[in-house]
Every structure is written in C-alpha cells, then in structure tokens.
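Letters are used for the chains, namely A, B, C and D, taken in the order the chains are written, and counting of residues starts over at 1 for each.
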Amino acid sequence: MVGSGEGDSSVAEAVGRELAAGGAVVVCGGLGGVMEAACRGAKEAGGHTVGILPGPDRAAANPFVDTAIPTGLGEARNALVVRAADALIAVGGGYGTLSEIALALKAGKRVVGLDSWDIEGVVAVADPAAAVAAVLGESLT
Amino acid sequence: MVGSGEGDSSVAEAVGRELAAGGAVVVCGGLGGVMEAACRGAKEAGGHTVGILPGPDRAAANPFVDTAIPTGLGEARNALVVRAADALIAVGGGYGTLSEIALALKAGKRVVGLDSWDIEGVVAVADPAAAVAAVLGESLT
Amino acid sequence: MVGSGEGDSSVAEAVGRELAAGGAVVVCGGLGGVMEAACRGAKEAGGHTVGILPGPDRAAANPFVDTAIPTGLGEARNALVVRAADALIAVGGGYGTLSEIALALKAGKRVVGLDSWDIEGVVAVADPAAAVAAVLGESLT
Amino acid sequence: MVGSGEGDSSVAEAVGRELAAGGAVVVCGGLGGVMEAACRGAKEAGGHTVGILPGPDRAAANPFVDTAIPTGLGEARNALVVRAADALIAVGGGYGTLSEIALALKAGKRVVGLDSWDIEGVVAVADPAAAVAAVLGESLT
C-alpha cells in the first residue's frame, strides 16, 4: 500500500496503475489532484483504492476512491495515511507530502520520491515503474 | 455502512450477512468478538468489510476484514468508526459500544440497538433482519 | 482533573469552584455553556483550567480557559478530554457528555454524575460538594 | 507559543528560557531530550509549559511540564503540537521535527530553525536569542 501527495498528475496516474497491476492497494488522502490521479490509475488497472479524508464527510472523496474514511482529523490524518501504508511513494513537493515523508521515515518505512523532496532517507527514482518496483521489491531487469 | 460492538456473536454474524446482502459495506472496529462475527457474516454474503483499528498495526485486524485502517488512535478511533458509517447497529452492551452510540446520536445518525443500551434515541429491534431493515430504510412487511 | 459537559450552569460553576479549592486542575472541552461555567468557577477559586477544543483555533476557547489546546479533531477530542482527566464529573445529559462517560468507564476511571445519565458505573450524587468529594476522595462528613 | 524537537539540549534550554522571558507559553511534545531542556529553561525563567504527549499516560511527561495532555494519538499528536503553537522553533534534525516543520508551513505559521532542516520556508537563525526574536516579532537590534 502506498500514499502520495501533490505533484504531476500523469506521473501519479501511472504510479497508481503500476501499483494496482502489481497487486497493491492504493492508499492516499482521498482528495483531488495527484490523489485523484493515482486512484484513477489504480482503477484503470482493476485495483482497490482507499482514501483517508481530512474532513468528516465521505462525499469529499474523489470518484475513484473505493473505500472512503472520513476522519474529521484535518491534517492529523496524514499520520493515518502513513500508518495504513507499507511504503510511501511521494509525488511532487507540497508541505503535506513532506509531513508524510517525515512520518514514514520516522516509522522506518520505505519512502520513494518522484520529483519530490530531497530528504536523507528518501530513495529518488526517475519514473513510475522504478518507483513501484522499489516499493514492491521487484527486480528492475 | 454500519459499526457494531460487543455482544452476541451469532446475532452479529447475522447482522453482517444481512447488511452485505442488502448491498451495504460493513464498517467496524476491526478486532475480535462481535466485530469479527459481523465481518465473517458479511463475507459469507459476498460483502466488503472495513476495520478501523485502535492500534498502529494492520495485523491486528480479524481475518474477515478486507480493508484495515490501523489508526494508532486508541479509543479515539471510535469517533472515526461513527464518522465512516451512515447508520449504526449496536449489538450488545459494552462501554465502547455506548461511546459509539452517543457519538452517532450526537451526529444525528440513525442508531438501532439489538439487546444493547436503552438510551433515548436508540431504536430497539428484536432481531438482525429488523435491525438491517431499519438501517437500510426498507419496509418490514 | 475533571471534564464535564452540558447541563446546569450554576451547578457547573460550583463544581469548578470546589475542584479548584480542592487543588484540582479543571479539564473540559473548552467551549461555552457548562464548560465555561466550570472554568469560571475554577478561576474564582484561583485554580488552573485546561480546554481541549474540537476545532483548530484557540480563539474558540471560553475566556476562563488558561491553557487552550485546539485539537482540530472534532468530537474525537472527547477521548482526549477523558485521557487528560483522572476522574470525570458529568453535569447534565447531552450525547457528548454520554460519550465521555462511556470512554471514562471503559478506561476504568471514576465517573460521578450530577443530574446526568443513569448508566451502570456512574456514581450519582446530589450536589457539587458531594461530586467533588467523590472525585477527590475526601470524606463527606 | 512554540514547539520544538530533537537537537542540542543547551540550545533548547536557552530557547525555553528566552521564550518564557518574552512572555510566551512553551508548547512541546512533552517527553525527554530537547523537549525536556526547553521546558526546564522555561521554568527557570518562571514561564508556563505545555506537553502534548503521544501516549495515554500523563506520567510520561518530563518533570518540567506544567500542563500535560496525554493524547494517546502516537505520532499524530505532532499535528496537535503545531495547532497549539503560534509559531515553531525547530531545534535539530529528527524526522519528528521535520513533520512538525512541514505541518506548520502548510498551516502558514512562522517556522524558525536552529541547526535544523534546510527546507524552503524555514527561517534559519544563528542562536536562541535570534530564534525567539524572530518568533515573538521583536527587533534584533
């Protein structure tokens, strides 16, 4: 399972598609932008998506979220996205994404970055296929 | 969607089965006892189950949970179970269940009780079929 | 430390005053009504008050809160009020108060009720002095 | 109000002392290391300290915390530290501190760093006096 944040939508869609193709559930913050793109990609590949929302209302989830969890916790829900994930693929560079990177590294989880923050511990990769391979532990050959 | 608590396992299993048969997703606290029974019932009927766990580890979910959310919030996760549900079927009478009943009534959600707390606002019913009918808005005739 | 909920303001003010006089810190939800009355009473007696707020903004605290904690957790903050308290004095009968009673009983903390919910485990008392005595463990004679 | 994280204890103690001398309440995570040093400094200067703890037990607070809030939320409590603060002084460079920096910047709060993460938006300063001046809005001359 993997969460993601702000960034390039076509990249995020490809990440979602590859994750689902690899058998992973896509976990994210459930809103629009990159989160929606990742969910859309996962659904194209027949995957399952989980959106852990900041607000109290399930209706705020993007239309590609299968299981919406309306936490009502605001940004504190970022900690829940990280807990629900086995590893994190960070796409792009918002501060919300940075908080998830930090919490995942603190928890000892693998963090892979695609055009994201240059933080010690983040594995920077060049494209969605490499990101998903790094997370799912498959060989790249 | 519906959460539930401590109580009679065979009753909870029937509630889960009827909910799934009616097309509802079963949301619960994800642990054992009545929560496990409700999830087992839902899976027997081909439904989808969500477990919102108190601890930080997905492995604590019972084996019939499809989507496990390890919140790490302790009992504060009861508020998330209630938020994720459209209505609540309370089975039995523990204090955790009582806190969920209270939060659901505060949020203006329908609460149906099966051998549960006698609180103003809780609709007491006699059996699982009546509970699910009351929650899914079907006629009992 | 003690939390409280909806109910009679003059009763709550007396509870706050007696708690402060007994050396206890008053912990509550930090908003108006009974919560404000309890804090006002505590300040009259020179005590310290803590308000654990549902919203993200400290400005929502009533003017008698010394330490305001703006959680942004919504009703999930009720669990934090209970965790922060050594015992609970429930004043009156709202559903928010009921959820705090349930969480406190689940955690094995003493719960004293003043014209509040009639739940197994709640010690019903007749007046603020008896409530505070029951919580602080003093003799009533 | 200000939170802080891992790093140099003598620096943190000076930050706490200066904050208290400037009339600010010191808010932090309430545990040991830099958090304890900041609280100790604040108490030396007669200030008030608040510790927002990850665990459910108030006893985990360091001895210089005046008001301990045992959240039981784990690392999700970092979001509450940030919410409770008007600005953040980050001391040193752990991942927990990084998550607080990210959440504070996301919320539009001022973040000042003392030998901390080099993140866009963090105001790096050279010593505790400059950090407190930057946060309390005083002139440095």
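What we mean here is this: a residue touches a chain if its C-beta (ideal position, glycine included) is under 8 Å from a C-beta of that chain, and two chains touch if they have at least 3 such contacts.
Small disclaimer: the values here were computed from a predicted structure and weren't measured.
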item	value
Required steps from chain A to chain C (each step between touching chains, minimum)	1
Chain located farthest away, centre of chain B as origin (C-alpha)	D
Of A-B and B-C, whichever chain pair has more C-beta contact pairs	B-C
Computed distance of Cα centres, chain C from chain B, in Å	29
Shared interface positions of chain A, touching two or more other chains	56, 72-76, 79-80
Contacting residues of chain B [partner chain D, same complex]	56, 72-76
Chain B residues touching chain A - in the complex, by the definition given at the top	25, 48, 50, 52, 56, 58, 67-73, 79-80, 83-84
Footprint of chain D on chain A - complex, ascending	73-76, 78-80, 94-96, 98-99, 101-103, 105-107, 119, 121
